[in-house]
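Two complexes come next, and they have one chain in common, chain A, joined by chain B in the first and chain C in the second.
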Partner chain A sequence: MITPFKLFGVSLARRRTRRIVVLAYWCVPVPFLCTAFLLNFQRHGFTPIDLLLLLPLPAILGGYSPAGLVKPFNPIPFPPGPGALESRLGAERVKAVLESLRLDELEESVKERAHRTAYALLRWTGSAAAVAYGVESAFFPAWSAVCAAMGAFLLVIALWCLPQSVILWTVPDLDPSVANETLEVPCEQN
Partner chain B sequence: MIGRRVLGIPLHRRAIRRRFLVGYWLAVLAALTALSRFPVPPDVSHWTAFVPLLLTLGFASNLPLLLGGFSLGGAVGFYEGRAFRLKDAAAVRLARKPEKAELVRRFLKAAGPADEFEARLRDTAHHRAHRWMFWMIYCGAIAFLLVSAADMALLPRFGLVLLELLLVAQMSLPQSCILWTMPDVEPVPDGHGSEGWAAHMRKEQPR
Partner chain C sequence: MRAELMLMGKRLDMAPQSNRRTLVVLIYAGVALTMTGLWFLDRWRITGVYMIFATIAVNRLLLGGYNFGGLIKPFSGKAPRRKADPPPFLALGLRLYGPEPEENEYCNDERETQQRDRAHYTAYQGLASGLAAIWLIADWQANAPRLLMWLPGGPAIYLYGLVLGLVVISQTLPQAILLWTEPDMAEPDLMEFGAESVL
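Right, the complex of A and B next:
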């Protein structure tokens, strides 16, 4: 379920390392983006820039992107014909990389279990946020718009990143042979 | 996992389940439409103006109980067996008569997915629901963008409706997915679900 990619040269085979990465992820870039969103919202309202702010975050964790720390949840289709990527890297190499990112039966099960856990977490935090929003809008109505926008922004981030965080947090230490495996596949000999 | 009767409707056939789901989501839509018409802060002048708003919120928030999954006696069986076993003692204590306590204990022990297949079905439904939520939130964000561009004063009311829709969707989507996709099943005999449970308790009491 975890890709053999390294994050800044650090292997994520050990669960302890992965947990540190997850904590760092939720403590540094997420609050930073939320602050950026808040400042932008207060000055200019809701703009397309806010949607763009969301794009780089999940790419790190993977799942919904092919180059993150977690394997893609949905299979990446093989390129239909010789494309730019294939001509640069070689068709066999592209095929091998895509094949290595495909989930097996066990990984599918882990993926679905992680989504259920993420869903349960979101349910509770979402309910708490709704109550907090109700209380806040009753006492500080002027802040209602900002809080609603902030809540929606956080919800999108959580939806996008929680399953991957759950997977990185819970999957046990990888087998050393798998951990040392790299995606270096010999290039096609022309 | 499914096939119980809810509000007297037998849900073992898929066609009936789908009609039930359409009715359910129409009820959610009606509640949200009503919600969008009530005054919200800062337009509220007196606390009594909150009452219809709170009643509608309560109605919409309790609708997912019909679908089960997270609640006893809905259309879909409990997702979590273990969590409710933790509350076993409290539930048994509530049923003061020993024979009822025994039935409560048996019911709670049967909660949760029965086998690997049901566990997998439950997890797959959550995965799909998560993806739908994902798109819903994105559409919601774009709608938010459009509303805020049109009139910032509409945002509190729109935020409330959107938040309620997301909450209801989050409580209902996995169950809707299961109920919509599962083929026809054998009807679950009385003894499961809210009505069946009550009937079961009446039947099994020693005379």
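Right, the complex of A and C next:
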């Protein structure tokens, strides 16, 4: 479930390391992006820049993006035609890398269980946020727009990143043979 | 998943997939009608919260999953809380007291656990898309589009309605997916139970 990629040269085979990464992720980039969104929203309202703020988040953790610490949840399709990547690395090499990122049966069940955990966490959080939004818009209508946008932004971030965080948090230490595995595949014979 | 549903004292056969799909459609149509009615009542100012209570009732009586009762076994796999005291006389007189459920009524086996997790994964994708859409239109409160200015009450109240709808869906979607996708339940093979000798 965890890719053999290293984060700044640090292996993520150990669960303790992964938990530190998850905590750092939720304590540094997420509050930074929330502050950036809030400042931008108060000055200019909703702008396309806000969409750009969201893009780097799943790219770190993976899952919903092709690269990252967690393998992609949906299989990356093999490119149909000879592209730039294929011509540089060779078709067999690209195919081997994509195959190594596919989830097996056990990983599929881990992925689905992580989504269930994330769903359970967000189900009540989201409902409580909706009730709070209703009460707040009735008593403090001046703050209603900012609160709605900020709450939705936080929930979107949580929805995009929580399953990967759950996976990184819960998957036990990897077997050393798997942890040392790299994406080395034989080069295509010309 | 249960094969029958007790509703108003009648047993409804829920083994065929078509019956379950009809139930899902009726539930969501009912929710949509209730929300429309409440909008006319007070534009969800006070009654909006009642939708959450209505969803709990739907789960308890029809869908199950997050509450004990209904067609789907509890997702938690835990038995419902019961008091150790005997039921009050009034409850017995009104036949409101349910017997202690058997273990197979709330424990999920391996296949059911897998189905539950997959349904949550599918529901998660839908919920994420819905919430992203709501986030994109959250700006309506401050900068409402001119096209929507003619709507009575202003666009903000419709944003609140969308949020309420998403909350209702988030409480019911995994159960609805399970009911919708599970194929027709096989009838027990009578020959296996020695029906030949009875006949």
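Rule of thumb we're sticking to: the second predicted complex is superposed on the first by the 186 of 190 C-alpha atoms of A that agree within 3 Å, B and C clash if a C-alpha of one lies under 4 Å from a C-alpha of the other, contacts with A are read in each partner's own complex, and residues count from 1 in each chain.
The rule is short, and it goes like this: a contact is a pair of C-beta atoms (placed from the backbone, for glycine too) under 8 Å apart; a residue touches a chain by one contact, two chains touch by 3 or more.
In this text, all values refer to a predicted model and were calculated from it rather than measured experimentally.
When both complexes are superposed on chain A, chain B and chain C end up clashing with one another. In the superposition on chain A, A:Gly126 makes contact with both chain B and chain C. In the superposed pair of complexes, A:Ala142 makes contact with chain B only, with no contact to chain C. Shared-chain residue A:Gly45: touches chain B and chain C both.
When both complexes are overlaid on chain A, the residue A:Asp173 reaches neither chain B nor chain C. In the superposition on chain A, chain A positions 45-46, 109, 111-113, 115-116, 118-119, 122-123, 126-127, 130, 133, 137-138, 144-145, 148-149, 152-153, 155-156, 159-160, 163 are in contact with chain B in one complex as well as with chain C in the other.
Within the complex formed with chain B, the residues of chain A that make contact are 45-48, 50-51, 73, 109, 111-113, 115-116, 118-119, 122-123, 126-127, 129-130, 133, 137-138, 141-142, 144-145, 147-149, 151-153, 155-156, 159-160, 163.
Put simply, chain B touches chain A in their complex at residues 40-42, 50, 70, 79, 120, 122-124, 126-127, 129-130, 133-134, 137-138, 140-142, 144-145, 148-149, 152, 155-156, 158-160, 162-164, 166-167, 170-171, 174. By the touch criterion stated above, chain A contacts chain C in their complex at residues 41, 45-46, 109, 111-113, 115-116, 118-119, 122-123, 126-127, 130-131, 133-134, 137-138, 144-145, 148-149, 152-153, 155-156, 159-160, 163.
Per the touch definition, chain C reaches chain A in the complex via residues 44-45, 48-49, 52, 66, 75, 114, 116-118, 120-121, 123-124, 127-128, 131-132, 134-136, 138-139, 141-143, 156, 159-160, 163-164, 166-167, 170-171, 174.
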